[in-house]
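Below, chain A partners chain B and then partners chain C, in two separate complexes.
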Partner chain A sequence: MMSDRLRAFSGQIIAVGVALLLGAIIILLVGESPVHVLMTLLRGAFGDQEKIAGTLLQTTPILICGVAACIGLRGGMFNVGIEGQLFLGGFAAAWVGFSFSLPAGIHMLAALALAVVAGAAWVAIPAFFRARYNTNEVVSTILSNYIAVLLTSYFTIFLFKRPGGWSETPPILATAYLPEIFSFSRLNWGLFIGLALAIGVALVFRYTSWGYGVTIVGSAPKFAEYGGVNVKRQGFVVLLLSGAVGGLAGGVETLGVHHRFMEGFAPGFGFDGLIAALLANGSPVATIVTALFFGALRSGSLLLEVDTSASREIITVIQALIILSVSAQVLIKRRGDSQAGERRWKF
Partner chain B sequence: MVSNAPGSPTLHNTAAMAVELTGITKRFGAFIANDGIDLAVRRGEIHAIIGENGAGKTTLMNILFGLLQPDEGSIRLNGEATVVADPAAAIKAGLGMVHQHFKLVPSLSVADNVFLGMEIRRHGLIDHAAQIARTQELSKRFGLHVDPTERVGLLSVGIEQRIEILKVLVRGARTIILDEPTAVLTPQESRELFQTLRSFVAEGMTVIFISHHLEEVMEVSDTVTVLRNGKKVATRPTSELNKDELVRMMVGREVSFDRRPRAELQGDVILEVKDLWARDDRRLPALRNASFTVRSGEVVGIAGVAGNGQTELAEVLSGLRPASHGEARLKGQDLTTLTPAAIREAGLAHVPGDRMLRGVDRNASIAANTLMGRQHRAPWSRNGMLDWKAIAGNAGALIKSFDIRAQGAGDAVKRLSGGNIQKVVLAREFTNGADFLLIDQPTRGVDIGAQEAIHDEIMRQRAAGRAILLISVQLDELAALADRILVMFNGRIMGEVAGDDADEDRIGMMMAGVSPQLEPA
Partner chain C sequence: MEILDKLINVALIAATLRTTAPILLVALGGSFTTKAGIFNIGLEGQMLAGAFFAVIGSIWTGSAFAGVACGVAAALAFALAFAVLVVTFRANEVVVGLALNILAGGMTISLMKAIFGTRGSIVGHGIVGLPKVQIPGAQALLGSWAPLISGFTPIVYVAFIAVPLLVLFYNRTRLGLYIRVVGEKPEAAEALGISITRVRYTASLLCGLLAGLAGAHLSLGYITMFTENMSSGRGFMAVAILIFSNGDPLKVLAGCLLFGFADAFSLRLQTFGFPSYLVLTVPYVVALTALFALSYRARPKIIKETLASMQKLLSVDRNSAPVDKNP
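And now, the complex of A and B:
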């Protein structure tokens, strides 16, 4: 069993290595030195304490979104709508933050709670259709992203726009802020929320009867059905929880970093989280590492355009290469089994 | 056409060898799957390879077909030394393999599946008409009855197997390897398959046939090679062998399939099925008006050619399929209104017919597999928290008492052989304290040693007063175990035979749809 896990781990490492190698070739093709780019990335991500805090700041939403994805993956549900749940959660938290005045702490918790509810409510629509009519949740959750992003834009621009030029809501009250950890960075308690969530979810999967049922539904649904697990209801609940955590990610981002909701406030965190979870093989604890990796790529890339001639979009290219090589690795391992790659993402 | 049929003495000795394996050794870590095996298969014969699960049959064939590379030894095909680097090389050398698990595309037609990857083209487009015609021709020539235009997703396993054989044929195979082909077939389909195999050798082709069914091997093969624990025991002409010898070579001890001795134990009615109807996946009536009872301390057998409503009956009784009419009362509770979980609570244990899909999670450990169905029950779970120490300890005890060949409770089930996987299922289901055991094809694809152990266990459960419904397509299994045998045909129960005078002819008549009442007494 251990050797299985070890083999999966080394496979992921090789896949990432291949992706980085291909990325290096592309960097060469655009006329830049891969070593220079890599060093710049590392310096941008870990160069000094502010940079490290900046990396962790980027890691936080990716980690929480990654945990959201892990919940779905373990239960055999591919929630590709985390981006949308994040946007709605972010908006909901901001709305509580600027509309009500409550005691410090309670205000923050109320805002986070509504973010969780908003995320769950948003995924409830695809989850219902999945449970009732067996609609493919991949398609319906992807599509729900677009609606969520535009809906929150509509709220922001037409209903709650702050007087002045920007497409953003009024700022939230300080009573709803997530406390910051250091004076020199906006890094906040959201990181601890993410870490606690990752470990907590891993423990729930491992040590509860409910988590056992979820894991079996994800890996052998017919067996779970035979054993008395209500597969449909479980799938619904799993999607709902995944969406709730996605909403929480948005709330944390609003209350911890931006202190208001604005259009495009957290671009791509939902998708990065999903990729981090896939790279971590659906393990929430391993997602801590992969989220840090993607967080470092993001924050390191800020320095990229300043210090090198490469565009920061190269990071997006490297991420795409990672997805491809991780999928390809599975197909190579099980040559001849044309569905292996597809099944892999279904756990 | 010159026949290479074995028994024609002139050709017998001069015929070239289709396959010669010399000193094949294959290790997986410390485990030696094949240990210096020599195998020579004459062109134009049906060569059976028989042995218990884990004897190394499939490994040997995977090496021959290029799916595995041997650690030692060499391969000669048609007299030429060959390195079979991969299946493509094997196919090029005229080998074809029909695996135990089929690889077909359900949404494509039969003909499209047969030609998948080597489509007949005309003007750059797939020539469907030509593919259909060619499939039809091959299917006629070898008695592999299929409708080339039908979608594979709608077909039975038996027909899927014919498609796999057709795939091998259109790729030009002259030596065909079949890995336990009858494990998924009904007796009738098996007979049709044997006809097909004979038509292959009549055309000079060679067949290598993996099995652990003695009767089949005796019936269809010309030569038998017996493997045991990774080693070759012997290669002998089938005509010089009898079943007893074969069994002795396979297991190294005597095995009998005789009727098990029993004491009359019949107690209260545990299961009462009344006018039960159900539909199949195509929404057609598949179970019609079934009524019967099962008492405590009684084994009631369900005989029938596969696909005559037995699957639907089992699924309705376990809550996996809704009944369309009627009732099934387990100690008074109507199962047709309950969920699978509630039926388990009411006292059902279920050994499913589709072991790999329904019976286990192959990726999970033995411990996790023995937990299913009791993950909410003490002592395995308290306040929703699992006690993995207790679960693993219990799994370890089950591994011992059911003689599961594994290194430990943490082993993934996919590492076990078919017989041992079935023992994991039995260990879980027979120890959950249920009064009613629904046992579907308990020994399908299981070696003889494990079959014996499984039959012993079923009789122990009977002696313990459990009510047992035993569904099997193997008549000898029912004759050995059942107190009464119900025969199903076309969704109906045609009649009942006492296990003590199970008469194969009478059961056979009912299996074919002849109602016993219509016969003159």
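And now, the complex of A and C:
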């Protein structure tokens, strides 16, 4: 058992190494020195205490989105719509933040609660059709991302624009802020929410019969069926929970960092979260590590844009290469199988 | 009535054909992989790579057709990577497809910055767009309806001619048949001695070819520029179409015309002063609605009947019906 895990872990490390090597070649191709880029990334991510706080600030939404993706992956569902849930959750939290005045604390909780509801509601239709009619959830959630981004932009610019502002809502009231941890950074309690969520979800999967049921449905649906699990309802609930956490990520980002909703406020965090969860093999605790890794890359890339001629999207390339090489590891285990064998994905 | 006349006219139909062409090409490309039993969510990235390298090729060579060739080559490289990972390495199709899409997005932006030093878009720099083909005699024959058949770029014609060709391909050629067998009954294909690996590679590369053409049409067709993520979900819409058409070329055409119309119509609405953000959601809403509506219709009846009788026999909980992966 342990040696299996160890082998899986070393496999991930090798895959990351291969991807970094390929990334280095690409950096050479765009005319930069890989060593310089790496040092800049490291300096940008961990250079001083403000940089480290900045890295943790970037890690927070990736971690929460990663947990959202983990919940889906464990239950055999690809929630690729986390990006959209994040945007709607972010807008919902901002709306509560600027349109109501409530006592401090309660205001924040109400905003987060509505963000959670918005995220869950947004995924409810794809989840319903996935559960009831087996409609491919990958495509439906991806397409709903585009609608979510445009819809929140519409809300922001046409319905709730700050007078005199440009594509942003009025600021939320201070009673809804997530408290900041340090004076020198916008790093806030959202990080603790993310960590608690990751550990909490891991415990649920490990110690509750419901969590066990989800894992079984994800890995062996037929077996779960015969074991008496209501597979359809569970699939629906899993996607709904995943969407709820995605919405929470948006709420945390709004209440903790921006204190308002603006057009394109958190680009790519949903996808980064999904990638972090895939790299962590669907384990919420391992997602803490991978989210930190991607958070550091993102944070470092800000300095990269300033200090080198390379674009910050080079880290997106590296992330994609990591996932590709991790996914290719299967070769080692499966060589020689019949090609007609089981297909893991079909619509 | 006058408004309706302004909204729906020959120009709108011609615009529909123009906007249909890229999504039709990429969906027809995806039909190869769908028929071969591969779920190809990577169409979006292939198309985006095609659009970017078509522009690069057009600038470097000064020829639109060489640009198209470059775009196709880039899309083929992505398709090859997809095939290597999915067919040979047997990695998860969804993971590989999504990762290649992300790679295409990041790579095009990084290269844009490295080559042109700009972010956002490539305009000018001597990009040569595709010429428009004027069909001789169209004006005399059809009068004011001539824009329906004449004046498109060559890729639009290729897209529509490809539909009947693909019908013939699947029904009348050996390779077409092989692709279908591999997709529908891989065990049978293996028993017949068909190399599943080779067939799936071929299907994937054919897919890259058409996706590259679709991308080139985006950046060298009616507008000659490249912008970040300019494929804007068309590849995903194509996958939605492939799901409910099962890759049949004629059904793909019908679905794509619907989206082309939604696209052209929403552009029209924009000029009438509807908020652009809402108008831009129209194609995605149409895609989702069609996906949901048709999956409701296509729910497997036979399986349901079998289930009903099984449930009677075993008197198990009604809701706990086994999930079948084939709708």
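The rule is short, and it goes like this: the second predicted complex is superposed on the first by the 331 of 347 C-alpha atoms of A that agree within 3 Å, B and C clash if a C-alpha of one lies under 4 Å from a C-alpha of the other, contacts with A are read in each partner's own complex, and residues count from 1 in each chain.
Note that in this section contacts are C-beta pairs under 8 Å (C-beta built on N, C-alpha and C of every residue); 3 or more make two chains touch, one makes a residue touch a chain.
Worth saying up front: this structure is predicted, and the values here are computed from it rather than measured.
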Judging by the criteria at the top, classify the pair chain B and chain C on chain A as clash or fit.
clash
Name the contact category of A:L321: first (chain B only), second (chain C only), both, or neither.
second
Go through the superposed model and pick first if A:Y212 touches only chain B, second if only chain C, both, or neither.
first
Just to be sure I read the superposition right, which of the two partners does A:K222 touch: chain B = first, chain C = second, or both, or neither?
both
Tell me the contact category for A:N134 with respect to chain B and chain C: first, second, both or neither.
second
Is A:V257 contacted by the first partner chain B, the second partner chain C, both or neither?
neither
With both complexes superposed on chain A, which partner does A:E313 reach: first (chain B), second (chain C), both or neither?
second
Could you figure out whether chain B or chain C reaches more residues of chain A?
C
So, does A:L112 touch the first partner chain B, the second partner chain C, both, or neither?
neither
Using the superposition on chain A described above, determine whether A:N230 touches chain B (first), chain C (second), both, or neither.
both
Of the partners chain B and chain C, which touch A:F271 in the superposed model: first, second, both, neither?
second
Residues on chain A touched by both chain B and chain C 222, 225, 228-230, 337
Of all residues in chain A, which touch chain C in the complex?
26, 29-31, 78, 80, 125, 129, 133-136, 138-140, 142-144, 146-147, 150-151, 153-154, 157-158, 221-222, 225, 228-233, 235, 271, 274-275, 278, 309-311, 313-317, 319-321, 323-324, 327-328, 330-331, 334, 337-340, 343-347
How about chain B: which of its residues touch chain A in the complex?
87, 103, 318, 320, 339-344, 350, 352, 354, 357-365, 368, 371-373, 375-376, 381, 384-386, 388, 410-412
Under the definition above, what is the set of chain C residues touching chain A in their complex?
37, 39, 41, 81, 85, 87-96, 98-100, 102-103, 105-107, 109-114, 117, 119, 186-187, 189-190, 196-197, 200, 232-233, 236-237, 239-240, 243, 275, 277-278, 280-281, 284-285, 287-288, 291-292, 295-296, 298-299, 317, 319-327
Counting only contacts in the complex, chain A reaches chain B at residues 1, 4, 206-210, 212-213, 215-216, 219-220, 222-230, 336-337
